[in-house]
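In the two complexes that follow, chain A is the common piece, with chain B as its partner first and chain C second.
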Partner chain A sequence: MYEFAPQITPIIDHIIDSVRSFRPELAISIAFIGTIFCSLFIDKYWKQSSFSSFLIGIVAAGYLTYTQNVENLPVFFDMLRVDSFSQYARIIILFGVAIIGLYIQQYGSYQLPKKRLGDIYAILLATTLGLHLLTLTTHWIMAFIAVEMVSIGSYVLVAYFAQNKKESEAAMKYVLFGSTCAAFMLYGLSLLYGFTGSLDFTSIAQMKGMIAAPTILSTLALLFVFVGIGFKLGFVPFHVWTPDVYEGAPTPITAFLATVPKVGAIVLFSRLILAWTASPFYFGEVTLHFLCFVAIVTMLIGNLVALRQQNIKRLMAYSSVGHTGFLLLAVLSYVHHEPEVLFFYLSTYILMNLAVFGFIMILEKQTGSANLPDYSGQGKRFPILFTALTFAGISLVGLPPTSGFVAKLLVFTSIFDLYQTVDQSLYLYLLIVGVLTSVISLFYYLKIPMYGFLRQTTPSKPADGVATNSHIVYGFALFFTLLLLLFGLFPDLLLDFFRQP
Partner chain B sequence: MIPITHFLAVSACIFCIGLYAVVSKRNAIMILVGIELMINAAILNLVAFGRYDRAEYGGQVFALFAIVLAAAAVAVGLSIILMAYRKYKTINPDQITDLRD
Partner chain C sequence: MGFLSVLIFLPLLAALVMLLLPKSAAASAKYLALAATIAQLLLSGYLYIHFDTVQAGVNNIDSFQYVEQLSWIRLQIGSDKLLEIDYLLGLDGLSLPLIVLSAVVMLMAVGSSWNITKSVKGYFALLMLLNTAVMGVFCALDFFLFYVFYEVMLLPLYFLIGIWGGVRREYAAVKFFIYTLLGSVFMLLVIVGLYFSVTNPATGANTFNMLHMMNPANYGEESFFGWVRNFHEIFGIPARLLGFAILFIAFAIKVPIVPLHTWLPDAHVEAPTPISIILAGILLKVGGYGILRICIGIFPDMAALSNWWLGLIGVISILYGGFNALAQKDLKRLIAYSSVSHMGFVLLGIATLTTEGISGAMFQMISHGFLSAALFFLVGVIYDRVHDRDIYNFRGLASHMPRYTVFVAIAFFASLGLPGFSAFIGEAFVIIGAFNSESVGTGLPRWMAVGGSIGILLSAVYFLWTLQRMFFGQTRFKGGEAWATALTDLTLREQIILYPALALAIILGIMPSLVFTPLNESVMRIVSVVSSFL
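After this line comes the complex of A and B, so read on.
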């Protein structure tokens, strides 16, 4: 006890200094408490108070993140790594969360006008805090806490609106699958800790320990750890939950699951890959080969299985699995010092998904269904909506003049450069599979306008008499589609933002 | 002093028992119990390895956090299973299959 006494002052000084770099997360925490308070006491008088508190918290966190001083200082004894990489990722996350909060508010106002929504914003904020920590850390304790924060928050989000059988089934599958993956990850981490005696995956002790450890056991530990990250990212073979959960969850929650958790997980994964592939030892090779193999299989399975889907949310689930494969390619380009490629892909991916899920929300409200055959002939009823949805689909395929094209072009160029410098046939296979699956994806994304415009109208039931409008969701979705076109024509607008140091 | 291999062997056994409970699914509560066993195996590992880390006590701290997070996850899991039971009148995952390709 007494040996700490002379050191206690510098330790306290360090902690107080660290709080300054932690301000965005503190803003979220305060907003979290404020939102709970509002939902308990003020929602009775003013229904939107908890939503306002949520939005203020997100905007404040966004401002603090944007103006944050990123000097790579040691924060909280190197538990957190505040750098520009995490800054961009956190801005993207906060943007996505703000839009999803808005979608949830609109969805709640026309779908469940009686239900109290205050708590869901609080949970969304807690999940955002977990995502922030995920982008900030290189320490396994912090990473595991962040993964669990995001997971537990997501379980509650999926279950929160559950009114029918499908929704509760989705929540149950999600929680059982997710907890199992977390348990695998924890066991892998305990083995890693045993081999190395260190819990920071960028530290030299961890490298040395991994080199000294027996090959089979350390490979096993690595694979166990990747189970946990793979669940959050949704790459094959840990993607099996995605279609069921995406179909069963309410559409704004699906939009959440498809977008922001992937940003957090991919940032953690990139840091991990960067730290481990930098060393010329066998586990660097193992990680790299694992990454390439998983990317190939993920792109193939995601895009091939999507071909035979008839439910638009299931289709988007497999599409997001396919896009995870492309994100893994973008991680490779990050490892070779082009972070703006990764961020361009991430922000485009988020814009595309937010636009598409906004449109799905409106279609679901108007036709009462998420099955593609029910949209037959609806293109004449909603011409603007289906045209915009077609553009978003084109962007998801990766055709010009949308930013999906630029994103894929950047990724493929950087992989091709890699192939020419390193001359490993692995990268060539990655490239071939990437291009091939992009072509395949054309078939299923264009199914949506095919049903909308070319099929005859089925005698559909009229729109159910919900009077409240959803102009805000519609407006935002159209705005995102316009942004996709804008960034497709002028990609430098976005790239320059990510390039500034 | 008990050698560390004994701890590792016990924890590997517990992990495999938990995994078996998860894979041979008949009852969602039993799956949660299995998950809990897997997490406890990992915690046992962490504490056992933590004996050699007298400088930072990383393993012990990690074990404490893991216990708290496992409790939170199980609380959410139980409430979701209860909700599914109200809709389906069963918690056998093999019979809860409305969502499938």
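After this line comes the complex of A and C, so read on.
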């Protein structure tokens, strides 16, 4: 006991120092408590109090993140890593969460029967905290806790509005699938710890341990770990939950699932890939091959299955699977020391999805359906909406003059550079599949304008005019579409932001 | 803002104004479109008159005219690479005639869209967007800019075919879109490869500038598409050859060449008349222009290596298109296949790599541009009246619609290459080039020239046979009396649209120098570049 005494002061000093680097997350935590408080006591008098508390928390966290000192200090005994990479990722996450909070607020205002929304903001904040940790850590325990925080938050979000069997089923599937994947990941982690005695995947101890460990077993352990990350990212074959959950969940929640968790998971994955592929040993090669193989399969399956979808939310689910494959390519460009390419792709991806899901929310509200055939001839009724939705679709395909095109071009450029320097035909296949799946994706994104403009109107319920409240969502979605055009024409604007040291 | 920017963005401006029009004023969209296209025609006429024909252009920025250069995108990629994208426009002898042609055909298309009633605003806005993209493609000298315009062409066309088209319009629109996109996404990979290989000698940055890509000295040693010490192979094919092949296929889909032509009959048949006019009149030329400017400009060594195959594909397209046209019962399909056949001459001419051949190919593009526009317009005339265009459902139109018959006869005779009309000049020069090829040493065998001549013969057969089947003999229609009353002769508007196209066919047939003079220097430059690799 006594021999620890002299160390207590430096330990406490370190913790207090660390707290300074933890301010954005503290802001989120305070907002979390504040939101619960508001939903319990103040919502009765002022309905928007919990939402305001949520928004203030996010904005404060955003400000603190933006102004954060990112000198890669040791934080909490190296459990966290505060660097510019995580800073940008967290800004993207906070942006996405703020918009989704807004979507939820709008959704709740017309959703029947009315349900208290205070709790959902609190859960969203808790999930955001998990996402933040995910971007900050290279420590397996921290990563696991973060993944679980995000997962449990997501389960609740999916189930929160559940009214019918389909929605409950989606939530149930999500929970079961998620817990199984988490169990696999934990098992893999325990194996890794057993082999190496270290839980930091960038540490030398873990590298050494991995080299010493039996190849087959440690490869197996790696694959188990990838199961957990794969679940969050939704790459093949861990994508099977996406279509059902995306379809069953309320649209703003689907927008959430499709966007921000991927940012957190991809950042963790990038750190892992960077740490391991740098080493010349077998597990670096295993990881790299796994990444390339999964990227190819994910792009192919996501895009091919999307062809058969008639429900726009299912379609977007498979589209997000396909884009995950592309994100894995972008991870390679991060390994190639071009983090801005990865961030450009991520932020474009988030803008596209937020725009598309915003439009879907309005369409769902106006037509009461998410099935594409029900949108037949609706282009006449909502010309601007469908034009913007088509434009966002074009951006998802990756055609100029949208920022989706620039994002894909940058990723191709990066991979091509890799191919030139390393000269592995693996990268060539990645390029070819990436290009081919872009063409395939055109088929199904074109379904939106095809039904909207090309097909004739089916006799449907008379138009009830653009209802109140949805115009905020509409305005934001249109704004994001404009941003897609702007960043498509002038990508420097966004890239320069991510390039600041 | 230079002339070219005005030329490109004027229709876009018109489109934006149209979208802002209130519903009650929607009908005035067509007047806006008309004003924009007339202004474009005047502007392109001004550019034509003030064009200095001594300047060659092609691979030297100093001899391009009306050049506009703005720094657009500068990206730091990785640690040591700077990506340089410019807003770079310019005209030379290759692009100027096509700019004028596009302005003429666009005006014809707007004129023939006069009776559109379905969502007028949207229709003309899309047409103007397409117009912007087309002009941009012909003016752009930066590959990135070119690609942006090239892809922007697709979406308006998809909607124009898909919304205003015929019965199977969805199928045709998607097929067209997918075909072109398939070619162009692989082109994107080649663009990326080129950009990595080429540096701007002035700044040292990697550049998308096409003119820098045409200079072997700008390629890094051992770079992917480099000239010196290039050991890069993909699937056992040398990198430069593969790059050339991919670019060629991308543009060949547009031309279209025979195995990749199947989108064209569908797109033409389902498209409304004005869009058929634009498709045949302008968009097919984008393919020919791309092959000349980009494939041959950037990969002259590979062009010299593979021109025998290009010639072969050209001859096959000529003959296959011709035979298919013979077998068609649908008049529009017949003309679509005749387009395949006539565009085959363009490819054959380019493949000769001789001054005569390439000049002939360019001339053929111009001539086919407004002749096919006129032909599709003429088909549209009877289709508008009775909604049928099956050749066997009409007979003896000559006595029923004499004026129409005169126009059709002129257009048919002009298209089949009768001396005195423009198509004759184009096809004759292509065949002369193909004949000379063997003696000049560019390697096309003489039988290809013979194949081309047989193509001319075939075109005479199908055009004259059609004339005989539809216009001569006893007047008899499938629809009987109803059709006879519906089939009124040409209106004044229709004649006004047709006059310039047919007049141009005759004028250019008599005075081909109008096209050849601005063209000549540029073609000679291309030939001299390529001939050093033969």
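Quick notes
In the analysis below, the second predicted complex is superposed on the first by the 491 of 501 C-alpha atoms of A that agree within 3 Å, B and C clash if a C-alpha of one lies under 4 Å from a C-alpha of the other, contacts with A are read in each partner's own complex, and residues count from 1 in each chain.
As a convention for this text, a contact is a pair of C-beta atoms (placed from the backbone, for glycine too) under 8 Å apart; a residue touches a chain by one contact, two chains touch by 3 or more.
Every value quoted in this text rests on a predicted model; they were computed, and no experiment measured them.
When the two complexes are overlaid on their common chain A, residue A:Thr413 makes contact with chain C while staying clear of chain B.
By the touch criterion defined above, A:Leu223 lies against neither chain B nor chain C after alignment on the C-alpha atoms of chain A. Applying the stated contact rule after C-alpha superposition, one finds that A:Leu73 touches neither chain B nor chain C.
When the shared chain is aligned, chain B comes close enough to touch A:Ala159, but chain C does not. Of the two partner chains, neither chain B nor chain C is touched by A:Leu426. By the touch criterion defined above, A:Ala182 lies against chain B but remains apart from chain C after alignment on the C-alpha atoms of chain A. Residue contacts after overlaying the shared chain place A:Val297 against neither chain B nor chain C. Across the complex, chain A meets chain C through its residues 336-338, 341, 380, 383, 390, 394, 399-401, 405, 409-410, 412-414, 416-417, 420, 428, 431-432, 435-436, 438-439, 442-443, 446, 449-450, 453-454, 490-492, 495, 499. Per the touch definition, chain A reaches chain B in the complex via residues 140-141, 144-145, 148, 151-152, 155-156, 159, 162, 164-166, 168-173, 175-176, 179-180, 182-184, 186-187, 189-191, 193-194, 197-199, 243-244, 247-248, 305, 308-309, 314.
Chain contact summary for the complex, chain C toward chain A: residues 73-79, 81, 83, 119, 122, 147-148, 151-152, 154-155, 158-159, 162-163, 169-170, 173-174, 177-178, 181-182, 185-186, 188-189, 192-193, 195-196, 224, 234.
Residues of chain B that touch chain A in their complex: 8, 11, 15, 18, 22, 28, 31-32, 35, 38-39, 41-43, 45-46, 48-49, 52-53, 58-59, 61-62, 65-66, 69, 72-74, 76-77, 79-81, 83-84, 86-88, 93, 96-101.
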